[in-house]
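Below, subunit A partners subunit B and then partners subunit C, in two separate complexes.
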Partner chain A sequence: MKLITAILKPFKLDDVKNALQAHGINGMTVSEASGFGRQKGHTEVYRGAEYTVDLVPKVRLEVLVDDSEANSVVDVIVKAASTGSIGDGKVWTTPVDQIVRVRTGERGVDAI
Partner chain B sequence: MGTRERRYRSNESDRYLASLFNEAIITLSQRAKNEGIALAAVGGYGRAELSPGSDLDIVILHNDSFSDDELSTFVNTLLYPLWDSKSVDHSVRTRAQTRDAAHDDLKVALGLLDIRLVSGDADLVAAVQHDSIDSWRKDSRKRLPELRRSLDERHERAGELAYLLEPDLKEARGGLRDINALRAIKLSGAFDVPLEKISWAESTLANIREALHETTQKNRDRLLFQEQDRVAQHLDYADADLLMSDVARAARSVDYLLNTTWHKIEFKGKDGLGRILRKPRTTSIARGISVANQEVIIDSQVEIADDAVLGLRAAAKAAQLGMPLSLDSCERLATVLKEGKAQLPSPWPREARENLVALLGAGAAMIDVFEALDQEEIIFSWIPEWSSVRSLPQRNALHRHTVDRHMVETAVRAAALTRNVHRPDLLLVGALFHDIGKGSEEDHSERGARLIAPLAIRFGFPHEDVETLKILVQHHLLLSATATRRDLDDHATIASILAVIPDFETLELLHALSIADGEATGRAAWSEWKASLVEELVNKVRKAMSGSTVALQPDITDEQRQIAQSGILRVNIEARGVDYSIEIISPDKPGLLSIVAGVLNLARLDVRSARTKSHGPSAVMKWIVTPDPHAPAITAEKLHRDIEEALRNSKDIEERINARTEAYAQLPTIPVPPPIVESIRDAATDATVFEVRSHDRPALLFRIGAAVAQSQVDIRSAIVTTLGAEAIDTLYVTEISGGALSDERAREVRERLASMLK
Partner chain C sequence: MEATVLNSGDTAWMLASTALVLLMTPGLAFFYGGMVRTKSVLNMMMMSMVTIGIVSILWVIYGFELAFGYKGNSPWFGSFSLSGLGSQVNAFTNNGGVYPIPLLVFAAFQLMFAIITPALISGAIADRTKFTAWAIFVAIWTTIVYFPVAHWVFAFGNKVGDKTTGTGYLAGKGLEDFAGGTAVHINAGAAGLALAIILGKRVGWRKEAMRPHSLPLVLLGSGLLWFGWFGFNAGSALAANGLAGLAFMNTQVATAGALIGWILVEKIRNGHATSLGAASGAVAGLVAITPACAFVAPWAAVVIGFIAGILCSLAVGMKYKFGFDDSLDVVGVHLVGGIWGSLAIGFFGTHVVNSVGIDGLFYGGGSALLGKQALGVGMVAGYSFIVTLILGFSIEKTIGFRIPRDAEIEGIDLSEHAETAYEMTSSSRGGAF
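Our next item is the complex of A and B:
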């Protein structure tokens, strides 16, 4: 089992969510995040005062999938999230030892 | 369902307990039968108010003439049959033990206020009842603060009944326990609590609690989301929204009465420091309005029907001082309004609109005043549209409040953002009505834009302001929705905002409204993350816009030009309702703005707006002022003399003004956002523009003018605006020799202004 984590531009969330749902993925966790990668921060000038925006707002999306699904789900996310410009984000996978559904106690793939 | 059923349930329990008591009494020795022992009901059961799940709170009273064994057998025989069927909370005490327990435990003392005989020795119960009420009255000075502490703790824990998604009908603020507390306060004799004001609330909440017990078959008072539909159906409400609307209304009326009651207890006959006064000190603060007992009152000799703005003025003053509006004054005002008198004309006079803005601009201090206006149904006379959103619930996890309270909370947040905009009045009014379109199936923003227009026209806003308010209401979700869902690097995104937001002024208003709305909604809807996205969007739109927010220099007429050239002092006064419009053409000199503002202040004239411009050897000034309640009659001749005198010698003006402002300093103040001073160099070619945005205060303009004059520079033009309690002053400043200020000199002036405003 894998945990797929994606850092996305906020406005791309709806596209990615729709694409994942079309792919048969119905559960995901979404949270607000901020940070920077190669994009770095940028500088704003307003009425003569210059200030630097260090951290760029992003969305963090997490999905648990079976090993066999991982690659295709990553592809779905990357395709839906891409604008081709800098700051589009990143997607990575992490191996997961165990998953338990709290309500039923189901474990492993059944709990996804 | 209702009081009768709860009483019936209580009577049934009485009968059952009496039969058990009679069986148990057989276990006692012959001499004591029906003497020296009694069974009594306390608390809710004492009041014969039993819901299906209510506990039976009982006390077994005895006169200490029984052995421990005998008493133990009696109690066990009495209670044993109850263990399985009823939830019983019992205690066994003598009269003296009961007195001690009440003394040590507030909850016991409160329960005993409702003690009632069920069976046995009636004299014993009567004696305990007498003790309980007597000591409650005697010790009220100690017990009421204790009661208040316990209420505060409970409110902190249980939250507000009116606004919680899943409230506890008994424990939450404004709930059934608070009604009992009010009853206890009345019994103490400390203050006559008009309980009839909450009789609807009490029966409504008790009925809903009873329905909750019946539908869930559980002794639980928390009205969970999943149970609201069933309870609503059980009580014949059309839907759960209407049920929760009634819960909110009931809770708010209880809370309001509790608040006003505590205030009376705390301040009646005392000054601000809690010292007892023989006669309440009354300080007049505006026409027909005073402060007494730490609350704002409408003067008793004033005929409310003769002054349509009086109510709004009193509300604004109360909020700006952070004091409540007295219950008596609210009731007097409500009565007059209900008789159809003191009706505001359409459009409202400027003073009424200014007072509405000053009320809204008071921030958190406004909430209690607004609540009083709602509870006494005064607000509906002024703004009938408000009734459509009154206690309208928003049953989702996103919102914390009912629609009306959410809009009030948004105005509170907006008051903290008034320095970010050039039209605080439009921000505050936009905030108060941004969700006015809720309550129908139609898109609330579209409907709201339609509803705000006639309202804004009635408030007396000019056409362009009405249009701005329409944009604010219609697009109040635009910035947050766009910032989170659209690509901010895409030109089309920016263009889509530019298509609906015409200028900087509207953009900054909409930005501030988005923040206020988000913050008022709560953490689920607003975060630093979202705020940063919205800010990024606003910055990008701002860059793509042209224009400026700086106020333009005023125009002067040919006639004014001619007189200005002559260099002679001329003063004209024109009465405009409660205001005066004053034209002053005066020989110019450094510090003139400060001198004239000082003279007007000493004449007890409050500056609402001013436009001044230098021309030749003179300055042409137009002032709009409001006289304070004790202002002497004002004439052009007198003002002419005063200005002439001040132009010759302005030294003592400051001293006299300081003496006046000290008198104001004794009144309390509310927290306000800090002032902002900005210098804008590229706004004019031959002058540096300074913009001061600050909460209004006595002699503000006098001090601003003086601070600028200290830097040895010249004010070419000034545009002074007071909107409610917020002031925006724009000064076009040049070196005495002419020309704009260097960066260094501009900083010097800015720092002087900032340090004066501290």
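Our next item is the complex of A and C:
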């Protein structure tokens, strides 16, 4: 089992979510995030005083999948999230030892 | 002498004006509150709110007499006696002449000026002031600075027949300050500078970003201030007449000019016209036209406002050069704007718009009026700055004026008021009774 984590441009979230649902993914977790990579922040001016804001707002999307699906789901996310410009984000996968569905107690792949 | 008959039109306008001026202080709380960070917005607003409470009580006990009492017949302060307003219910206003409005309406109107002046100072010392120290400061400062200075500027004396007693020093000298450029704005601005020096810089000043947490609140506040300022300026005519109309129109167009002036500077210097600049420019214009609003023609009001917008937008950068943390620019807006507006009368003043007005330099009146204006500016700024410095130092050395460093970093709302302004997320606020 794999945890897929994607850092996305906030306005691409709906596209990615719809693409994942169309691909048969039935659950995900989304949270607000901020950070920077190659895309630097911006400058804001208040009464003439300039502030550099270097953390850019992003969303973090997390999906649990079976090993066999991991690559195709990553492809779906990358395709839907891409605009071709700096700041599109990153997607990575992490091995997962155990998953439990809280309501039923199901474990492993059944709990995805 | 004919008996004075109450004028219900004038009285109605003055009652409305009084309520308008009160609204400026909660408006100021929004204006300032939006400019600080989320962790100190409540304290910022509470500094204005507690001022309403304290000054109102002082006023009805002795403040009104100390500012406007004539029995002492002194140019420096009114009477050292209780205000005793309860026995004055049927009295008319007598301030350099009898006005057909109740004395209590005049007293209430002037109270609102006494409230907003110390509230204005609070912007200079945002995020770091011990609340009890602020409350004590407000009570003492209002007593030894505002009430006497209001007497110097606003007390035209008790006129009975040909005799007038108890005229304030600057009023007697012929200072033209229609609604408080000196007594309110220069007074508050100079005091703000003194306190910013006494309290010192905020933790992290010039190192970390101290961005306004809510510009919509700032804009709301500037709107309320603008609205209330019509009572402040046009109400200072003490009548619903042509002079009030002039003050009203000048207030509008000077503010418009300053708004444009400020954002023009920003557009040219920084590339963007900002909402904070528009709100700040409006307030700078309101400040600058306050003393001049019934002494200049509307075209001159536009010019005074426009220059105020440019001047104040440049003046707010001074604190970085000189290294004092006047957090919300009380000096750059109220002191600088107040000085400019007060001196501008010396250039643009004309008797054409106001029969008791004197011609300034541009109307062939010479420099006599400018000299009087400069005297008023210098005396009020000097007195306020020095007395505030001594008072601030005394409070700092006795009970302390600042909250501890850790509390300031954690946020003053929590340490001084045990409250937080915003529920930022649903998961971060556990707890039980």
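One rule holds for everything that comes next: the second predicted complex is superposed on the first by the 106 of 112 C-alpha atoms of A that agree within 3 Å, B and C clash if a C-alpha of one lies under 4 Å from a C-alpha of the other, contacts with A are read in each partner's own complex, and residues count from 1 in each chain.
Heads up, the rule we're going with is that a contact is a pair of C-beta atoms (placed from the backbone, for glycine too) under 8 Å apart; a residue touches a chain by one contact, two chains touch by 3 or more.
No experiment lies behind these values; they were computed from the predicted model shown.
Using the contact criterion defined above for the overlaid structures, shared-chain residue A:24 touches neither subunit B nor subunit C, since it reaches no partner. In the superposition on chain A, the chain among subunit B and subunit C reaching more residues of subunit A is B. Of the two partner chains placed by the overlay, neither subunit B nor subunit C lies in contact with A:35.
When the shared chain is aligned, subunit B comes close enough to touch A:57, but subunit C does not.
In the overlay built on the shared chain, the residue A:11 is in contact with subunit B alone; subunit C does not reach it. For the contact definition in use here, the residues of subunit A common to its subunit B contact set and its subunit C contact set are 44, 46-47, 53.
Those residues of subunit C whose C-beta lies close enough to touch subunit A in the complex are 209, 211-212, 266, 269-270, 272, 274, 276-277, 280, 313, 316-317, 320, 329. Taken in their complex, subunit A has these residues touching subunit C: 44-51, 53.
Those residues of subunit A that touch subunit B in the shared complex are 9-11, 13-14, 32-34, 44, 46-47, 53, 55, 57, 83, 85.
Across the complex, subunit B meets subunit A through its residues 483-489, 527, 529-530, 532-533, 536, 539, 542, 678, 680.
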